[in-house]
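What follows is a group of structures, each given as structure tokens.
Each of the two complexes below includes chain A, the first together with chain B, the second together with chain C.
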Partner chain A sequence: MSFADFISLGPLITLFTAVVISMLLIAFKRNHRITYVFSLLAYLMALTAIIPAMLYIPHTVPPLLVVDEFSLFNTGLVLTSGLIILLLSYNYFEEREERKEEYYLLLPLATTGALVLVVSRHFMSLFLGLEILSISLYGLIAYLRARERSDEAGIKYLILAALSSAFLLFGMALVYAFTGHMDFPGIGAALRQAGYIPVTVLAGFGMMLIGIGFKLGVVPFHMWAPDIYEGAPLPVSAFIATISKGGMLVVLIRFYVDIHGNDYSMIWWMLAIVAVASMFVGNWLALTQQNIKRILAYSSIAHMGYILVAFLSGVQTGLEAISFYLVAYFITSIGAFGVLIVMSSSIQDAETLDDYRSMFWRYPWVATVFTAMLLSLAGIPLTAGFIGKFYIVMAGVNGHMWFLLFMLVINSVIGLYYYIRIIAMMFKSLATGEVTYIKPSLPVAGNITLMLLTLLLVGLGIYPTAMMQLIQQMMKMIV
Partner chain B sequence: MILLLLILIPLAGALLSWIAASRNVLWSRCIALASLLVNLVIVGQIWATHAATGGQWIYQYKADWVPHFGISLNLAMDGLSLLMLVLTFFLGALSVLISWKEINQRVGFFHFNLLFVLTGITGVFLTMDLFLFYFFWEMMLIPMYFLIGIWGHERREYAANKFFIFTQAGGLLMLLAILALYFIHGANTGVYTYDYFSLLHTPMQQDTARWLMLGFLIAFLVKLPAVPFHTWLPDAHTEAPTAGSVILAGLLLKTGAYGILRLVLPLFPEAAAHYAPWIMFLGVLGIIYGGMLAYAQNDLKRLIAYTSVSHMGFVLVGAFSFNTLAYEGVVMQMIAHGISTGALFIIAGALYERIHTRNIQDMGGLWSKVPVMGSATMIFVMASLGLPGLGNFVAEFLILLGSWQADRWITVFATIGLVVATAYSLRIMQKVFFGPSHQQYALPDLNKRELVIIVALVAAILLLGLHPQPVLNTSQKTDYVVR
Partner chain C sequence: MNLHPTTAGLLLAGILFVLGLISVLIRRNIIFMLLSVEIMLNAAGLAFVVAASHWGQADGQVMFMFILAMAAAEVSVGLALILQLYHQLRSLDSDEASRMNG
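Here is the complex of A and B:
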């Protein structure tokens, strides 16, 4: 391993080393606060490690990994999101669980898995990253052992993730059998040379889609999402909604670009059907839910559908749109889960719609944040979500995807209904009579984090130029 | 710069009045009123000094926003925008005044939303950048949703949701059309921009133009509203608080009409002409159908809401007649309808405050108890049915004159609408103020604050009817599409 390799993979190595040290730390002395602060420092150091890594880009670590602007940007995104989720976690676990320290091993470990995905350009590293991520998630989802739903969710995820990994492996084997390559550019070159996609490879892609689609939570591989969002501890749900999906999406983009996916209409059609189905199923099933975690789960299914529309547009703008949308979606989702975390009491999570009744008059500040997050999910101006959705539609128009765009428009309207239903619930006037409201914990750190997220959300909504320029420049490099 | 100020003042007022409300509710009201009055004075000043002179554009302002996409903060004011802004701030200030006693809960947030809607409307009337247009267009939805959903009457949530979903659906179609126009222009000329002036005269195929025009048109037809997209309107207008109804009827509907005049006709003249007979037919349908439905209503606010559908039908007929007479009429109708319908909503609100019902079957014989309110209602009812001497007469007369040149049968049927208008307007007077009184209400007449509001409105509608020339002169400065 050369010095340049070492520096380029700095963020990954830092975080991974930190996990090992923190394990020793826990063995030495169990203390929630110390472990927490150490993990925070680890994330911050990993983030700073990006700066020297920028000197060497683009840098390939053959044959497994590649560090270019695209992967560094996403590394930053994943690490920042991880840091924010960590900030929101402390109070949540402090109130709930006796043995809380191991959470701070699993979370950075899962983040490491996502980081590996972000830099991978080879089936091996893809699978490695995926498994690091998945296996840590089994533990994270079932972390609150005392809760029945938590256990159920953990086992459900374990079985389904293992099954989908098996599909993914089989798919990879089929692709390898024909092309003789496991690195993405090699596969792309081999396919281009062949000039067509033989049935084996197509079957391979189909099976890989099952594995990838499961992680992304797109229809028809979405069944797990609502149950696991509902059962998992809230910070973990936020992690699954953002980092786990984002990491997978980044690999998917790299794979698709490297194999020139746009040239093969079969692949396009497979993804198009998945996109339309995700939008409709996600939005449709969210309409009648009473549980906010489930609503967010279905809404994230629909949002993956929107992202796929940009993906399928086949133009440069599409990839930019995905990156921007991911940033907006990360901020918004973490913000929304953050509100749920802040509003939850030590006895129960604030998850039913009724818990949020007339919240605006009881906790105006948190309700404002939640409103902003929901409006961003719905794509209303002054929020990052609006610019993101605008970017996606723009990519679609640019690529003449009229059918997909009409589906997107119809779905945006359907989606609007359940977002404003939550908002309307928060604005209902105080009910008279015997009502026991949930007693939220409202930790200070959580509130500050939420404030920062809101500022970021509105900032990106009003002045998106800087972020757009960054993304545009980085996308020029990979295509 | 002054144009940017016109947008920023109500925005600042919105934030300040929200903050101030936590200390003193009265300050909040005063700040809201003051910021709108300042703007009213500014636009009044502009009207007085610049209206008669110079070219089409009185002021222009341009600054980069997202240069990467060709989005700029591009504002401009011509005669049409100027008139719409005068109406906006006039009705806006009155809306604050009528809420003085009606809104007692969460006053700060109420004024925040009220001023925020007005900011959005101001932006729509001023911007010459299509992205920004869509931005402001969407921006007015949320605060309006809150205004209806929080301070409305019994079925407020249903109405608010319906309003939001209808307008948002239309808006998204417009977004698709805007983006398509952007890329077509970019592909043909190499310049990717949302600038209105550049996008005018974009060369494109006939079919494409027609599809794009429909994208824009549907958004505006929903907002206007035209049959069959009107069903959100009676619910929203009925359930909204008085100030909300005034802003909805007086201003929000006008953004639809403004969009047709500013975007649909100039951007796609050929396509608009192609569909003109059908759209005029929709207009006439609205005039008659809206009028008939209005006649059948027992809820006073719902009745007034349906009259809006009927009156906006005239706007549609006029706008697609493609001649100057009709355009003058349309602009006049937008203003006169804003004032007369706004006034009727204010009176309905005042009545509701006193007797807590909107059902006209429970009213009757109120004239002897509230003669001042009765005579004020009489004036606006007469305006609504198109009595000469009041603003609406001038408007509808000009529209019919213009549309006669375009399509005679359409005009004939539109004229039937005037008869229907007479029927429903007189029914209001008959049921509410005359006839036997079913219940013995003890109710006070208009107080000083209400009197100020009503007098201002009466003066405006009389001035429009008796001396319409200044308005017509100003509106002539706008360059309409004539064939």
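Here is the complex of A and C:
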């Protein structure tokens, strides 16, 4: 490895080293606070390591990895989200689990997996990143041993994730058997040279779609999502909803662009069906749910459908729209889960709709934050979610995807219903007589994090130009 | 029947893969489900080796190494989870582990 390779992969190497060091640290002295602070520092250092990496872009580490503007932007996004999730986790685990230090091994490790995904341009690094992410997630999901639902969620995720990676691998093998290449540009060149897609490669792409779709949680590979969100610890649910999906989406974009996916109508149609189905099923199933974790799970399925619409528009603005939407979606999802974390007591998660009844009159500040997050998820103006959706619609118009846009608009209306339902629940007047509510823990760090997220959310909703300029700059490279 | 060796190899891998898939779908015991997934993973590994030998490259074999390593990691985590589940449920029937639905 050359010097430039080291600098370019700085964030990745920093975080990875930090995981090893913190493992030794735990072996040496078991202390929650020390491990926590060390992980925070590790994330901060990994974030600073992005700055020197910018000097060398675009830089390829052949044949596996590529570091360009697009991957650095997403590296930053993933690391920042990881940091925020870490900030929200301390209190949550302090109150719940006896042995909480290993959480700070698994979370950075899973983040590393996502970082590998973000920079990968080869089947091998895609597979490695995916598995680093998945195997850490099995541990994270089942982390709270005392909770009866968590090991059920863990084993469900394990079997299904292993099944889906088997599909992904077999699909890769089929593509490799025909093209003789495992790096994305090589596959694209081989397919272009052949001039058509033979049945084996098409089957291979289909099987890869199962593996990728599972991680993204799109219909029809979404069955796991609500159960895992419900059973996993709340910070881990936030992680699955954001970083794990975002990392996979970045690989999908890179793969699709490198193989010139828009030239082949079959691939386009496969993704279009998945997008429409995700929007409808996600929003439809969320309507009747009583558990907020499950509502957020279904809503994230629908949001992946929205992102796929921009993805399929096949225009430059589509990729910019996805990046902006991802930023908005990350902020909003982590914010929403953050509210759930803050509102949970030390023994019970605040997860049913009834836990939020007339919350506005009891905890006006948290209720305001939650309202802002839900409005952003629904795409109401003055929030980042609205701008994100606006860019997606614009990309769809540029690509003349009238049918997909029509579906998106219908679904936004359906989605509005269940977000408003939660908000209405919070604004109900206080019940008379004896009602027992969950006693929220309301940690200080959590509250500050939520405040920052809300400021970001509204800031991006009112003044998106700065973020959009950044995104436009980095997107010049990829197309 | 005279098949090209590569086609034959891929066909074998495909058959193994489908057998594993059927087995995952019909088995109720979690350990057997894990075993069946291993069969599917190894089928994918076999497909990689066949494809690599067709192109005369070593990439497929390298990939197979990775698949082996990943499968081992997965099984170790999986067995730990299964032990814990068994402590709670006193059974390895996957239908028992369905307290969440909707």
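Convention: the second predicted complex is superposed on the first by the 479 of 479 C-alpha atoms of A that agree within 3 Å, B and C clash if a C-alpha of one lies under 4 Å from a C-alpha of the other, contacts with A are read in each partner's own complex, and residues count from 1 in each chain.
By definition in this document, a contact is a pair of C-beta atoms (placed from the backbone, for glycine too) under 8 Å apart; a residue touches a chain by one contact, two chains touch by 3 or more.
What you see is a predicted model; the values in this text were computed from it and never measured.
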> Who does A:148 touch here: chain B (first), chain C (second), both, or neither?
Replying inline: second
> Touch check for A:96: first (chain B), second (chain C), both, or neither?
Replying inline: neither
>> Once chain A of both complexes is superposed, is A:156 in touch with chain B (first), chain C (second), both, or neither?
In response: second
>> According to the stated criteria, A:469 is in contact with first (chain B), second (chain C), both, or neither; which is it?
In response: first
> In the superposed arrangement, which partner chain does A:390 touch: chain B (first), chain C (second), both, or neither?
Replying inline: first
>> In this superposition, which partner touches a larger number of chain A residues, chain B or chain C?
In response: C
> For A:32, is the partner it touches chain B (first), chain C (second), both, or none of the two (neither)?
Replying inline: neither
>> Touching residues of chain C toward chain A in the complex: what are they?
In response: 6, 10, 13-14, 17, 20-21, 24, 30, 33-34, 37, 40-41, 43-45, 47-48, 50-52, 54-55, 57, 59-60, 62-63, 66-67, 70, 73-74, 77-78, 81-82, 84-85, 88, 97-102
> Tell me, which parts of chain A touch chain B in their complex?
Replying inline: 361, 375, 380-382, 386, 390, 393-394, 397-398, 405-406, 409, 412-413, 416-417, 420-421, 424, 427, 429, 464-465, 468-469, 472
>> Which residues of chain B touch chain A once you look at their complex with the stated criterion?
In response: 65-69, 105-106, 131, 135-136, 138-139, 141-142, 145-146, 149-150, 157, 160-161, 164-165, 168-169, 172-173, 175-176, 179-180, 182-183
> chain C touches which residues of chain A in the complex?
Replying inline: 123-124, 127-128, 131, 135, 138-139, 142, 145, 148-149, 151-156, 158-159, 162-163, 165-167, 169-170, 172-174, 176-177, 180, 182, 200, 226-227, 230-231, 289, 291, 294
